[in-house]
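There are structures below to look over.
What follows is a pair of complexes built around chain A, which joins chain B in one and chain C in the other.
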Partner chain A sequence: MIVELRRHGRVFNKLLVLNLSASFSYRGEMFLWQVGNVLVPLISLFVWQAAVASGAQLPITGRYLTAYFVLISIINMLTNSWTAYFLAEEIRDGGLNRYLCRATSTHINALANNVGEKVVKLILLVPMVAVLALVLGDQFELPRSVWRWLLAFGCLIISAFMTWLLDVMIGSLAFWFADVNGFLRASEVIVPLLSGAVIPLALLPQAFRGLGQVQPFRFLVSFPLEVLLGNVSGGLALGLAYQLGWLMIFAAVARLVWWLGIRSYSAAGA
Partner chain B sequence: MPVIHASGLTKTYRFHRSRVGLGGAITDLFRRRYDTRVAVADLDLRIDEGEFVGLLGRNGAGKTTTLKMFSGLLRPSAGALDVLGHQPSARRFEYLRQIAVVLGSKSMLWWDVSTRASLDLHQAIYDLPRPMYAESVDQLAGLLELSDVIDIPVRQLSLGQRMKCELAVALVHQPKLLFLDEPTIGLDVVSKAAVRRFLAKINSEYGITVVLTSHDMDDVSELCRRLVLIDHGSLQFDGTPDELVRQTRPRKRITLTYAGPPGQVELEVDREDTQRVLAEAAGRGELLDLEVRDADLDDVMQAVMGA
Partner chain C sequence: MIMQQALKHGLRVGRAVVAMALIREAQFRAQAWTTIIVGLVEVVAEVAPVLVIFSHSSRVNGWDAGLVIAIAGVAEVMTSLLATFIAPNQSKMTDYIRGGQLDLILIRPVASQPFAALRWVQPAEAWGVLTGTALTIIGLSASEVPVRPELIIAAVPGFLLGLVAVALVWTNLGYLAFWLTSVAALGELFSALLTAGKYPLAFFPRAVRVIMLSLLPLGLATTIPVQLLTGGVRPRLLLYGVGLVVLLAIITRVHWLAGMRRYSSASS
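Let's turn to the complex of A and B:
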């Protein structure tokens, strides 16, 4: 077991280096993506600030709102995953064969690709967010406690892993459906809204707030930011318990869906 | 000693049969029709160590499905399959480290980096000790004449160079069993010859068992000492290329070239009549050239597939 894990670790390292090299060759395209990642929350911030200036009563402070929208681009990028589309394509056109007939897994490559691309994106995104933070510096503050940063970072890693597991579940639907674009599109609409990537969950209508605290998508984006900014709805301990619980459920379901799917795989093409 | 032992091996696919037109599409939304297709039916086969076997058949005959079951890509629907003492679809490391698969139409190489990077990755995948890995790379680079291309990004290589690199990457972990699916597809004659020479060598000198599917009868006739013909998912023939030719197109082909009219004459005669026909032909004029041969595999496969 340990020998096997070490081998997978070495494969992951090699794949990470390969993915980093490949990602750097697409740095121009990635730069433009990151500009979009910063601009969209910035526009949202201006809209909400205008609403507050017009007398709107919000359940969160203006300083929390600014901190949220300044940091959300980094959190969103780091917890994002794009595995579902590529996994579905591999299943549909038989590209999965390349991994199944070797002593490795497409999932190790997907994880290495995810981490590799994020490293490159982070290098491009951090300077943009730093400029934004300097410009809006007097409108928000960040926590000074190291343990809060560390705890938020731990939750962020779990969030990223959960998003990736969700992608494995959605992508694996290609084992049974010829076209999973409908599922992908639905997830692209539902997940950002319910995860807090578009607006803080506290700004959802009153009727949704109770549900918003326990639903799994909260733990994909919003939760690590709530932990960092010290504003965890329902309390930190309960939030952590929910996140770990959902992580286990996601892992179990992703594993089950993959296991069932691989049994019905038809290895299309060559 | 059997490397592959299949008994009653069967694979069925279930697929959705769509209706025609808008009305059909709407009906499909609510009531889907499914059919089952038998891709491989009750196949019994044994392949021994060191063999070079060609799996032949028309498109959709079941040969690639068979190869995919052997390599663990597909789970058999019924029957028993033992490859190198393992059940392939379990895809255990101990099994996968003993096999290699080369798919002519699906590259195993990383497109944006060099072949050496892919080889390094395979060192990690198969947990190869450094000295063994270095020796294996040197050996393969020498046999496939890859020294000049091994450090060039794969996307910049020609198709022929790429196929050689595919073979090097597939074999770097020194497998016992190699599955090849159309390895020379799209290659020019020089590259095909180089790939065939390499395959013949690894089979004869290193004892690697090879199972090949190909529609290129030159690949098959040059490399395979045993042919397994599959049609409609069932075994139709299992024997040597000569036996297949004799069974399917038993007549000899004689080409006579006379100094005077009628010039060149081509005849097909029964095997037992060959001597008599040749004797008669010699008396009909001055012969410049005479050729007697069996039907080639291309003719045989046309006859088999057209039947």
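Let's turn to the complex of A and C:
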């Protein structure tokens, strides 16, 4: 077991270096993606600021709202995953074969790609968010407590892993469906809405707030930010318990779907 | 006479392009149905933020929920028309120019610029025109605005002018592939910014409003038509739209010709 983990670790490190250098060669493209990552939450911030200026009674403060929309671009990017499309392609065109006969897994490659691209994106995104934070400096403040940053970082890692597991589930549907683009598009619409990427979940109407607290998508984006900004709906301990619970469910379902899929995989080209 | 012949030829080409698109869509029926079903989910996603905002306030900068839903509906019509006619072509622009596939367009007996801009059509995306129109009607009814026929006559051309202006801006971004290695990310950025179109101009700071009426004329395609419907602005504003579209059309033509001079093709 330990030997196997070490081998996977070595392969991951090699693939990470490879993905880092590949990602740097697409830095122009990635820069533009990050511009979009900052501008879309900024549009939401303008809209909510207009609502506040018109006398909207919100359950959160204006400073929380600004901090949320400034930081959401970083959280969104770090928890993002794009594995499903590529995994589905590998299953559909038989590209998966090359991993089945190697002493590693396609998932190690996907994780290395995910981490490698995110390192490059983070280098490009942080200066943009810093400029935005400087411009809006007097409208929000960041927590000073170190433990909160550390705890939020831990939750962020779990969120990123959960998003990746969800992507593995969606991508694995290609074992049974020729085209999973419909599932992908549906997830691209539903997940941002329910995860808090579009609207802070704390702003949901009272009737939906309870459901918003327990549903799994909250723990993909909103939760780390709630922890960082010190406004965890339902309490920190309960939130952490929910996140760990959903992580285990996601891991179990992803593993089950993958296992069932591999049994039915007919290996195109073999 | 020559003009008439060119127009007839253009219409024949347009008919063939649409026919081919329908045949292709019929070939991938499951994908077409998925696009339609996801389109319905997208409508819910469009309206949800508006409903959440107005669950905390009855009016925002003079706009009520119904009118903002109407704008979201018009934005849905705009994005679905762009997804039907413009997006599939813009996503191929990098391949056309970098891979030399533009050669295959230039050697055909068609006007190459409109053909490159409108060659590929995705009919299933046009479903959003219906859902967006339904949203607009629901929104206008909810805000109890009496819509008079003469106002519709002003609003429809207003929307079309805005739509063409936005399409021309996107087309120009695509032409940057003559100078850059790839413009795929620019297209994605542009698509992401279309989100701003579903909110009234009045929600944004002045500088953003200026941008949304000139460089990125989303306001012209979404807010202004609804204001024309409700009598919020004078139809005289259409003249500005005409001027902007003419200016953008000239820029697009000049940009294309400059690109053509630079294009070295793959086969020559």
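Note that in this section the second predicted complex is superposed on the first by the 268 of 270 C-alpha atoms of A that agree within 3 Å, B and C clash if a C-alpha of one lies under 4 Å from a C-alpha of the other, contacts with A are read in each partner's own complex, and residues count from 1 in each chain.
Simple rule for what comes next: a contact is a pair of C-beta atoms (placed from the backbone, for glycine too) under 8 Å apart; a residue touches a chain by one contact, two chains touch by 3 or more.
Everything quoted here is computed from the prediction, not taken from an experiment.
K.L.:
Judging by the criteria at the top, classify the pair chain B and chain C on chain A as clash or fit.
P.N.:
They fit side by side.
K.L.:
Contact-wise, after the overlay, does A:I43 reach chain B, chain C, both or neither (first, second, both, neither)?
P.N.:
The answer is second: A:I43 touches chain C but not chain B.
K.L.:
So, A:L204: does it touch chain B (first), chain C (second), both, or neither?
P.N.:
second
K.L.:
Check whether chain B or chain C contacts more residues of chain A in the superposed model.
P.N.:
Comparing chain B with chain C, the partner touching more chain A residues is C.
K.L.:
I'd like to know which partner A:L193 touches here: chain B for first, chain C for second, both or neither.
P.N.:
second
K.L.:
Angle at the Cα centre of chain A spanned by the Cα centres of chain C and chain B: state it in steps of 10 degrees.
P.N.:
After fitting both complexes on chain A, the angle is 90 degrees.
K.L.:
Counting only touches as set out at the top, which of chain B and chain C does A:V11 meet: first, second, both, neither?
P.N.:
In the superposition, A:V11 contacts chain B only.
K.L.:
Report for A:N97: first if it touches chain B alone, second if chain C alone, otherwise both or neither.
P.N.:
A:N97: touches chain B, not chain C.
K.L.:
A:M248 contacts which: chain B (first), chain C (second), both, neither?
P.N.:
Touch partners of A:M248: none, neither chain B nor chain C.
K.L.:
Minimum C-alpha distance between chain B and chain C after superposition, to be given in whole Å.
P.N.:
Closest C-alpha pair between chain B and chain C: 7 Å.
K.L.:
Can you list the residues of chain A that meet both chain B and chain C?
P.N.:
178
K.L.:
With touch defined as at the start, can you tell me which chain B residues reach chain A in the complex?
P.N.:
Touch list, chain B to chain A: 13, 16, 64, 68, 71-75, 91, 93, 96-97, 99, 101, 103-108, 110, 112-113, 117, 120-122, 124-127, 179, 181-182.
K.L.:
Please name which positions on chain A make contact with chain B in the complex.
P.N.:
4, 7, 10-11, 13-15, 18, 21-22, 25, 94-95, 97-98, 100-104, 178, 263, 265-267, 269-270
K.L.:
Quick check on the complex: what are the chain C residues that touch chain A?
P.N.:
28, 30-31, 34-35, 37-38, 41-42, 45, 48-49, 52-53, 55-57, 59-61, 180-182, 184-186, 188-189, 192-193, 195-196, 199, 202-205, 208
K.L.:
Under the touch definition given earlier, write down the residues of chain A that touch chain C in their complex.
P.N.:
28-33, 35-36, 39-40, 43-44, 46-48, 50-51, 53-58, 178-179, 181-182, 185-186, 189-190, 192-193, 198-199, 203-205
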